[in-house]
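The structure's right below; bear with me while I get my questions together.
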Amino acid sequence: MFQKVLIANRGEIAVRVIRACREMGISTVAVFSDVDRAALHVSMADEAYLIGPAPARESYLNIQKILEVARRSEAQAIHPGYGFLSENANFARACGEAGVKFIGPPPSAMELMGSKTRARQAMQAAGVPFVPGSSRGLSLQEAEALAAEIRFPVMIKAAAGGGGKGMRLVRSATEFKSSFEAAQSEALRSFGDAEVYLEKYIENPRHIEIQVLADEHGNTVFLGERECSVQRRHQKVIEEAPSAIVDEEMRRKMGAVAVQAASSAGYTNAGTIEFLVDQQRNFYFLEMNTRLQVEHPVTEFVTGLDLVHLQLKIASGEKLPFDQKDIALRGHAIECRIYAEDPENNFFPSPGKITSLIRPSGPGIREDSGVYEGWTVPLDYDPMLSKLIAFAPDRAAAIARMRRALDEYFVGGIKSNLPLFRRILEHPDFISAKIDTGFLDRLLSGESHLSQAFSQNKDGFSDIAAISAALFAATAAPISNGPNGNSSAAQGKTGSAWKRAARDEGVAGQ
Amino acid sequence: MIYEVTVAAKVRKVELTRSESGWLCKLDGRELPLDVVTTRIGVLSLLLDGKSYEIKQERTAGETNIVVGNHRFNAVVRDPRSLRSRRESEAGAQGPRKITAPMPGKVVRILAAVGDAVEAGQPVLVIEAMKMQNELKSPKKGVLKKLNVTPGAAVEAGQALAEVE
Amino acid sequence: MFQKVLIANRGEIAVRVIRACREMGISTVAVFSDVDRAALHVSMADEAYLIGPAPARESYLNIQKILEVARRSEAQAIHPGYGFLSENANFARACGEAGVKFIGPPPSAMELMGSKTRARQAMQAAGVPFVPGSSRGLSLQEAEALAAEIRFPVMIKAAAGGGGKGMRLVRSATEFKSSFEAAQSEALRSFGDAEVYLEKYIENPRHIEIQVLADEHGNTVFLGERECSVQRRHQKVIEEAPSAIVDEEMRRKMGAVAVQAASSAGYTNAGTIEFLVDQQRNFYFLEMNTRLQVEHPVTEFVTGLDLVHLQLKIASGEKLPFDQKDIALRGHAIECRIYAEDPENNFFPSPGKITSLIRPSGPGIREDSGVYEGWTVPLDYDPMLSKLIAFAPDRAAAIARMRRALDEYFVGGIKSNLPLFRRILEHPDFISAKIDTGFLDRLLSGESHLSQAFSQNKDGFSDIAAISAALFAATAAPISNGPNGNSSAAQGKTGSAWKRAARDEGVAGQ
Amino acid sequence: MIYEVTVAAKVRKVELTRSESGWLCKLDGRELPLDVVTTRIGVLSLLLDGKSYEIKQERTAGETNIVVGNHRFNAVVRDPRSLRSRRESEAGAQGPRKITAPMPGKVVRILAAVGDAVEAGQPVLVIEAMKMQNELKSPKKGVLKKLNVTPGAAVEAGQALAEVE
């Protein structure tokens, strides 16, 4: 096993990996940018090195700088987390050349899976089921012809893409050209590569993915599925394991395909095969994520395993300590991604100082957090604060438990999307597992979110709220909010005045 | 102390008097036998007729919300004795409409020029924060009267960026 | 299912039950004493009523007052937690007479198991294996005769006892009389009943217990065992599940005995049969705890079940939702009981204001806490702050995880026994599971605890500590500590001077 | 600022100077390139030559400990400029030995009378807190000179209860 591991990431996932290393007796090396000096991962690591200014490309994406720290600290391996350099084959290759083990798959497998068109070709060759469409980048003309053949609606996707960037849904030939060009230019902006391809659009699909683990001795297993259909603009918001629509037979089939896909790509370490599932429960390969997923904790809860421990063991050359037959699922787990963003205001990011943080705990609750009370969430990165995961014997109990935990959870000083989760978890379609990737966008575009979230007619509660607002004003303790650090009294007035003005001017409803 | 509190679209009058055993509270003239304890900064425990309420104050740069159990209420508190507060309130009710930054960020694009006619809801500028771009829209139909920022400018939450009249 | 449940308890267990009720859609009624107005369970409940002054006998043990609140709030059931009235058959009977369901066994089963001598008679009749000794209260003369017969060492125990009160180990005839009388008077003081009985003392036994669940339709199951051998003065300090020495066969045997014991007593709801296990792995009935145990979370982790949910279901008349064959154990769980007491100073209680609280979280960690930052731990009750539970695929990983979590955990303002746990979890005998009920007392009576806990020779760290102490002094922020609320600067000086004086005078080493 | 800090049975001299970029630190005359950030009240993050230390200040009524990672150190800080501090220090080093309450509680029994000869380690009084009784013992062989409390008295942490000479 490694003696020292560098974590090339920040936030909750850096903390997650540091915890795993500590549990395994491995020293940890953190890297941080200028604005992250006081971040949790810096305090928690055994060593920490500044690698540059706030912008990610000058720090967390700076391969040279990170390898220099690895050399200096004599780290034997690098865990990339997710995001940043985690799916960058050049980084993996540079690690290898620098004599540092990259904790993830070989660069060749990353490259294969990183190009959606190449991945499609390879997976089709391996017999993996696919949504009808092209398996390579297309010109506008080719794309128009293919769209006519597989019929609208179709989806245009960036070949180098991910995270919803460079994607366009097209429902008719008339909008095709403008969408195609918009997708190309967004792909170019986001990934430096304008190549796009085409797929038949599946109406109301579910997003279900299979976790795989492969050691470096040819053993590959799958750890059940995750249902990730609750998405906003193609970004996962809630994930669960198992999926309500996957039975033992479907799980075996999807798992076999996932293992086949990973094996044929020469894959090692942890990875995820994402599938679209249509209303007849047919499943189609979507893409492979060649890294640890944000949502790995739900799999950990239902399998009883620790994926980061296993990643470290695999990367250090150990064999998988179990066979497929040893994997059993038990209970149900749900994860909510808590973001610093305002669900009542178009999900605008809400960085700033966390003046108060009350965290849920107790039975069946796990929180993987990257923040603490008093920490100022910087502007510069993904605004995820933490992941809240609930486990219970069955899905209904897990939902109830998550609601209980959300009621306990409180973030003061900045906006968070906590109110959104309560709304989702109370929705009859979510409760009955009638979810697909359009569920959340439909929910959000329905009745005014604002009026839903803010209680109007609960009279007892509004009485209490009115009195409490006055009590807070009367007992105001100094709260420093943001870099200006006004006293509470002064701020109360400024804040109220601003809010009043904002309301009058209709800004809040934007 | 007397406060005017706007909650759930209603203006309520709250009178608070410190007594030896805590606070005496009147809501719209009605006395409530309230037992109040501050447990943490920004958190109160209230008992009223046996019911227990945990109240949290959710303050951000822009606004104050009061969380009662799992119900959230926007709250605007006014101390009627404060003259400044009253003046600002009156000023805010009229005049041209401002476009304000809802969070700190950077102006990346400006989509209209001073003097342009704009529709209600028409995007006027784009702000980027935390890798996301967000359009700020005109609050009303009118003419873009002022632009206080240029592309690349860093802005604070609550900062007035433009004005439509 | 009940609509409303009263929780006749405080601290972490009240919070635990409130959480379970909330998850099941049940309204909760808290009761509190004068000093608990700001306690966590009061804020978390839907209703809360003052039941009297601080002393437990005037509040949490006040049956009339609690039933009055039940009536007034229209609670349909009462959960007693553990301690206080939880094993008081009179209370259970009074609940029944008041038309409120007592969430626990019938009073008859509580009474049977509450008297150690009657329990012994009944269990012997049911064929449960026993440590040689008496099955009824003894006079001094009878006891002396029996001790001679079963041979020293013997243990004198209070018939109405529990928690180590009224217990005396006697190794020779010469000390017998004084020990017998001391045990009698302690039993009288603690339980209002001087009756004591005698048992052969098993050298270096393990304390292993079986969790049982029985519904009101005649179904009884067991949920595996817990190893509770790490005790200080007969009080459990660390518990784990499963036990390292219990294999499948022994588990089945112990489970069958436990189910037989519970069934023969007409037992319903959750209960625990405690066994002593000798070095040949023979097990002997010790006693039955007729309530939820402090350590129930380790069983929840390895079975995937929720015992409080099941208690509520059973009490409302539901059948057990599973059979014995559905119960499977997976992984390993360890619990540490975090107390406000000073392990470097003879475990003196350390009530006071918690000025800082940093709580561990992340994978495999559960915390059941009854406190929060800013809360003043009152003098009047058991000083347990919280329970920290770690789960991992195997025992070694669970120990490593618990150590990681303990490193994250920080309680400021009062002393806690956190440093003790690190010492235990690093001990080779604990790591190799060579533990018995004398393990911890031997560990504590060994080399000076003080010199162990305070690092002397870690030079790098002592440099850092010296600089940090000065930095804290230089940047001192006002910390209010205790009711006097001095400013930090003033307190720093007072504190230092006092400490210096205390050290000079040898108080710290007592 | 100059401090004398007693840690791990050694007296260390710490010089702290505020600079623009933080603190300049000298330990026993040796300069350390320390990067210091306060993350929470009572919690520091220190970086020194790449090593990261999270430091927590564990203060109770009686003493201050410094927790470095999972190592705990008792720390006594003295500001040599403080005259009062120095005088107390000198006084504390001599004279009769006191028996002090290690936690708040109630005196339940007194086991020796003023004028009695006591052995080192002999129980002198019993304090009860949180349902536990604890004996307080004589710190030295001598004569019980003073008894400041009576059975039933409530005592604070650090309060001098008796004196042995």
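Letters are used for the chains, namely A, B, C and D, taken in the order the chains are written, and counting of residues starts over at 1 for each.
Quick note on the criterion: a residue touches a chain if its C-beta (ideal position, glycine included) is under 8 Å from a C-beta of that chain, and two chains touch if they have at least 3 such contacts.
This is a predicted model, so every value here is computed, not measured.
Hey, which pair has more contacts between C-betas, A-D or A-B?
More contacting C-beta pairs are found at A-B.
State, to the nearest whole Å, the distance from the C-alpha centre of chain B to the C-alpha centre of chain C.
Result: the chain centres lie 48 Å from each other.
Provide the C-alpha centroid distance between chain C and chain D, rounded to the nearest whole angstrom.
Inter-chain centre distance comes to 31 Å.
On chain B, where are the residues touching two or more other chains?
Those would be 40-41, 43.
Which chain A residues sit where two or more other chains touch them?
44, 358, 372, 407
Please categorise the chain-chain contact pattern as a line, ring, star, complete graph or other.
Here the contact pattern is something else, fitting no line, ring, star or complete shape.
Name the touching chain pairs, would you?
Touching chain pairs, listed by label, come out as A-B, A-C, A-D, B-C, C-D.
Give the list of chain A residues in touch with chain C in this complex.
Residues of chain A touching chain C: 15-16, 19-20, 22-25, 44, 297, 300, 304-306, 308-309, 328, 330-331, 358-359, 361-369, 372, 392-393, 397, 400-401, 403-404, 407-408.
Looking at the complex, which residues from chain B come into contact with chain A?
That would be residues 1, 3, 5, 7-10, 12, 14, 16, 23, 25, 27, 32, 34, 36, 38, 40-44, 46, 48, 53, 55-64, 66-79, 82, 84-85, 88-89, 92-93, 97-100, 102-105, 129-132, 134, 136-137, 139-140, 156-158 of chain B.
So in the complex, which bits of chain C are touching chain B?
30, 37-38, 42-49, 72-73, 372-375
Note which residues of chain A are touching chain B in the complex, please.
340-342, 345-352, 355-356, 358, 379-383, 406-407, 410-415, 419, 422, 453-458, 461-475, 477, 479, 481-482, 491-493, 495-508, 510
Over in the complex, which chain D residues touch chain A? Could you list them?
Listed in rising order, the residues of chain D that touch chain A are 35, 37, 39-41, 43, 45, 47, 50-52, 54.
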